[in-house]
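Notes to accompany the following structure.
Lettered A, B, C and D in written order, each chain numbered from 1.
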Amino acid sequence: MADLLYLIPLLPLVAFVINILWGRSTIRGNAHWIAIPAAVGSWVLSIITFREIYTDHHAISQRLFTWIPAGDFNIVVSLYADQLTAVMLLVVTSIGMLVCIYSVGYMHGEDGYYRFYSYIPLFIFSMLMLVLADNLLTLFIFWEAVGLCSYLLIGYYFRRRSAGNAAKKAFIVNRVGDLAFGIGIMLTYWTFDSIYFHGEDGILEKAYHFADYGISEGTIMAIGILLFIGACGKSAQFPLHIWLPDAMEGPTPVSALIHAATMVTAGIYMSARSYTIFIGSENAMLFVAVIGSITAFMAASIALTQHDIKKVVAYSTVSQLGYMAFALGTGAWVAAIFHLMTHAFFKGLLFLGSGSVIHGMHGEQDMRKMGGLRKHMPITFWTFLIGSAANAGIFPLAGFWSKDEIIVGAWVSDSHYGKVAAIIGLCAAFLTALYMFRLVFLVFFGEERFDSHVHPHESGPWMAVPLVILAVASIFVGFVGFPPEDGAFHEFLHHAFEHVHGHEVSMTMTYTFGIVSTVVALSGVAVAYITYMRKAINTDELAERFSGIYNFLYNKWYVDEFFMAAVVNPMKDIANFLWKVVDVRIIDGTVNGVGTSIVAISARLRRVQTGSVANYALEIGVGMVVLLGVFLVAFGNLF
Amino acid sequence: MGDQPIWITFIVTFAIMTVLLLSMAYTTWYERKVLARFQDRLGPTRTGKAGLMQPLADAVKLMGKEDLVPDAADRNVFLFAPLITFTTALLSAAVIPWGGTVQIFGTDVNLYPTDINVGALFILATGSIGVYGIILGGWSSGNRYSLLGAIRSAAQVISYELILGFSLVGIFIITGTMSLTDIMFKQHEMLSFGPFEISNWFVLTQPLGFVLFVIAAVAETNRAPFDLPEAESELVAGFMTEYSAMRFALYFLGEYISMIIMSLFAATLFLGGTSGPGADKFWGLGIMWLVLKVMAFLFFYIWLRATLPRFRFDQLMGLAWKVLLPLAILNIVVTAFFRLIGNGQVF
Amino acid sequence: MSWELVFFAVFSAAMLLCGLGVVAFENPVHSAVALVGSFINVAALFVMLGAEFLGVLQIIVYTGAVLVLVLFTIMLIDPTKLPEFYVGAPLQRFASVVVGAILLAEIGVAIITRTALEQIGPHTEAMVQQMGGNVQAIGQVMLSEYALAFEIASLVLTVGVVGAVVIGLPNRMVEPNTVTMSLGHTRGSSDMLAAGPKFESPMNIPAERYTAPVGERTVVMTKDPDAYTHPGETSK
Amino acid sequence: MDLTTNHFLFVSAALFVIGMMGVLTRRNILIIFMCVEMMVAAVGITLVAFSHETATINGQVFFLFALAVAAAESAVGLAIVVALSRQGRAPDVEEMQTLKN
């Protein structure tokens, strides 16, 4: 298998090339017949790879070619698959494959169908290369490549102005994180003299024994924070999360694949990949944990007030990413990856489910105009319900196991902040259950609020089958982490985090937290039931009474406005200054001045041109005489 | 081949000159006789036995005539032009070998005036200077017919000189030298095909080159059917119209020397020069073979004149640029290709 | 005094005299003849310098081809249209002479004060003989070291020939594609029709000016002689 | 007195200057043209002389290329003169002043 590792990313790349070259002219509506086999092939190969790593307990690597040879600095593009990568490979290819299949139904008849089915394989290729990268630079390249795919797919409906703006916003906000990430990579190379993760001279080993190499803890902290700011951009952590809700302008399958399951977890993956750097610095860990917990809570609170079905799911994604980040920050590495995996399945399911709802509602996204859809689309309803329960962390679905583990991990961590984080996590868990079931009740129960001409219908098999598969996965995928802290998943991933010394967690504590979080989640569901099914509490009245808080939440904590005022407008002012003063006055003035003076000079010089060939010849002769004279004098022949 | 005292070179040169001038005189006789036979006449018979003294009589007549210079003529150029044709034609003989180094009365004698590295090109060069005699003569006469003849000559000579040069390139490729002596002795080698042995004459390996060379040589010497510069019937003898007496004779002789030189040249390059049965044993036999080949060539010249009508001017140029030149280039390419095969550089 | 020096003196004197002749003769044909003489002597100098291939080539290319073409061209030109001898401005003539004299002096100084190159290249006379002679030596250097330059030179020649053909094409001359007929004139006369040009045209045409394409050309027929010529239409 | 390279160089310089005088003072384009050819030949003598002195063949090869370029140039130049004469214009440099101002 080690020799065929390259096939995993190559298959989607081939599909991309074929579709982008011939999609528009020849393939057109059949583009999925190119993309789906490639995705399935990658998936099969990923499973084989996973099996091999699972049985042999050692990493696979394959050297492809030397990209940049520069003296003793060589960038070798090689693929590296260890346990962590294997998990990511499975997640990426499974969701990618299911999304490819789902989109046949969802995207049917759209303009630029081939475009969709070229960008999706391109994204899968880039994401696979990202997780297979064995050094920071290749990782960075494909980090940018997935960003590009994200940009292309958010702007898929580029004729819509808001889609174009959202694409640009995603790209630009990501640049902020990427800048920090780039600086982090440079600092890494400067500090460790290497950009490779593994091996004796790899950064993981060196960072773990940083004191032996004479590296100060401050440097490690700087690298850690810089890398995590990069992760913030990609994984939508506060305050760089603002692009993700807007990214919902793209087609829903794209949201499921890129903006829920895979690309946004790249930051979490990258941080986990370079975990020894964070282990080396408590402050960096603290930074990660604080950001993560703020994100988790903030996004959950915003999700409460949103009306757009996709926006709610999007904020839910941000919130769950926050969980993963504070799991990283409190040292619960395996739990973070575990949650990453379970989240990929149930959030993919939720997005695809909401896509199915939107599809059935002919593009309607506002929850206030839905209701009672349970009867019209039963498959969607049941799968969506499973997804929501998993997201809310209700026993024994996937979300319960991983979320519970994160909270326990935070509680028992060495960090002082751990317990605070655990409590914030519990609060967020309550909110999660609340907004998830608010969504379910508003959409699937109650009276039918949609317009009379809308006739909701169940989606076809292309869309239903992936939903069912994902629902089944959302139920069962959590059991790989059973029993908590000691399951097969932990056993497996333990090899990837060999420098982590976990805490012994007593069974009592595990059960206590299991019960507590279940209670919290169920109470969230109960509140939602009372509010939205029984109508015991009038939400509008509530919003009016606490209008300050409501507006604060409804306007997404005013983060966008803050950025507008603090960053965008000053930038515009500076640009205006550069344009109107520097460019127009100084630069144009200089250029025009040069032009004018040349015109003036040449008006006089023009008289030299007599037009007589004889004169020109004489001038050449004079020039020759002068030159020869100069040479004679200069070389000392004459005088 | 080797160095020899300068006086031997002088003697050899003198001998060759004498032979050339005499043979030139008798070529006129030869032509008149052969042409007469073609036309079912007898030719000169009165002067001496079978008219053998006719050339001398002609010479006396021409020398005795008045040397006319037209008023409209550019006098200096007019007087000077015939000399160019005559001398350059003679100059070509300097590089043509009549044999190798032989022993005569116990001394080594080179049977060639000189053996320079670029002998073949030298003949082309002298030929290209020779054309000035015609151009200047025609121009300086101050006569329209003459001028037309001169212009025609200029165009014709430029075109056919190219083909003359190109037709030889195949031989240069095969032999790797331009020295006429070397080329000639290359042809003395024998090729064996099983029981048969034949001389390695380049007419066998370069048949196309030979044909091109012959056509171009006829045109170079302004002989029928390429005698447009002097075309009697249309231009009243073209560039020679205003010439009389000895200057006319110089043109006339120059033309015949050119013919002989071209024949010698062709014999040396394509027909093995002095090669022939017994030539390796005795040098006299070699010279005899060479003379025979030249005679055959001269006969061919006269034969052409007797049988072919004159070309029209556009036909002449079209033949040169559209037929002969591509063929010559083809010949070069094919020869080079076979040379590469021979060197084992292709297969 | 060696024989070489004598030959050199003869050749170079002849060469320079002929060169002066080129400049001084009034008749271009005489100049051309002088140039032929000059070039033959240049070739002789080449041979003296051991470059017999270049010597022969100089004669074949310059005297045999280029100057024949020049003579050909001179003969094509109307002798009555030959320009005057000198360029117009006296200042130009004076300056030319001064510049020439200074240049000669400068080159002379440069030659006298120069130091000979000590390095000796690989192509000594013995070496050239071993390679088979001057032609072979040039061939080897030209087709190995200067192969690219050789190809470029052939390209330059091709471009030159194509350019010459294009410039010399008779089509470059103004050849009107439009033929104008006036129906207001009697044929072969510049007088107008006696009785009212406009009404008694031999042909009935629909307008004052009637344009009809005939093959590649355009025929314009006019009733009124005043419309006979129209600026800008003859040379379309 | 032996024959040295300098002799050839002097002769070449003289021929060059003679050619240059012709270019600068004559009015007939054809004459100017011939004078240019003469200057090229003069340069050729210099090249071959140095080639002889330093026992390198490169000078001769250079002149060969110069010859090729001069041949191409003569073809174009003569074509221009022919075109001029077709238009009934004299081959006079003073008349060709399109470049003026």
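Keep this in mind: a residue touches a chain if its C-beta (ideal position, glycine included) is under 8 Å from a C-beta of that chain, and two chains touch if they have at least 3 such contacts.
As the structure is a prediction and not an experimental result, all values here were calculated from the model.
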Pair of chains with maximal C-beta contact number: C-D
Computed distance of Cα centres, chain C from chain A, in Å: 73
Gap in Å, rounded to a whole number, between the CA centres of chain D and chain B: 33
Whole-Å gap between the CA centroids of chain C and chain D: 12
Sites on chain C at which at least two other chains make contact: 53, 57, 65, 69, 76, 87, 92, 96, 99-100, 103, 107, 134
Shared interface positions of chain A, touching two or more other chains: 612, 614, 618, 621
Chain B, residues touching no fewer than two other chains: none
Touch relationships between chains, expressed as pairs: A-C, A-D, B-C, C-D
Residues of chain D that touch chain C when the two form their complex: 1-3, 5-11, 13-22, 24-28, 30-31, 33-35, 37-38, 41, 44-45, 48-58, 60-61, 63-65, 67-76, 78-83, 85-95
In the complex with chain B, residue positions of chain C that touch it: 27, 29-30, 33, 36, 40, 43, 52-53, 55-57, 59-60, 63-65, 68-69, 71-72, 75-76, 132-136
In the complex with chain C, residue positions of chain B that touch it: 74, 77, 116-118, 121-122, 124-125, 127-129, 131-132, 135-136, 139-140, 147, 150-151, 154-155, 157-158, 161, 165, 176-179
Interfacial residue positions of chain C with respect to chain D in the complex: 1-2, 4-5, 8, 12, 15-16, 19-20, 22-23, 28, 31-32, 35, 38-39, 42, 45-46, 48-51, 53-54, 57-58, 61-62, 65-67, 69-70, 73-74, 76-78, 81-88, 92-93, 96-97, 99-100, 103-104, 107-108, 111-112, 116-117, 119-125, 127-128, 134, 137-138, 141-142, 145-146, 149-150, 153-154, 156-157, 159-161, 163-165, 167-168, 170, 172-173
Residues of chain D defined as touching chain A within the complex: 20, 23-25, 27, 32, 93-94, 96-101
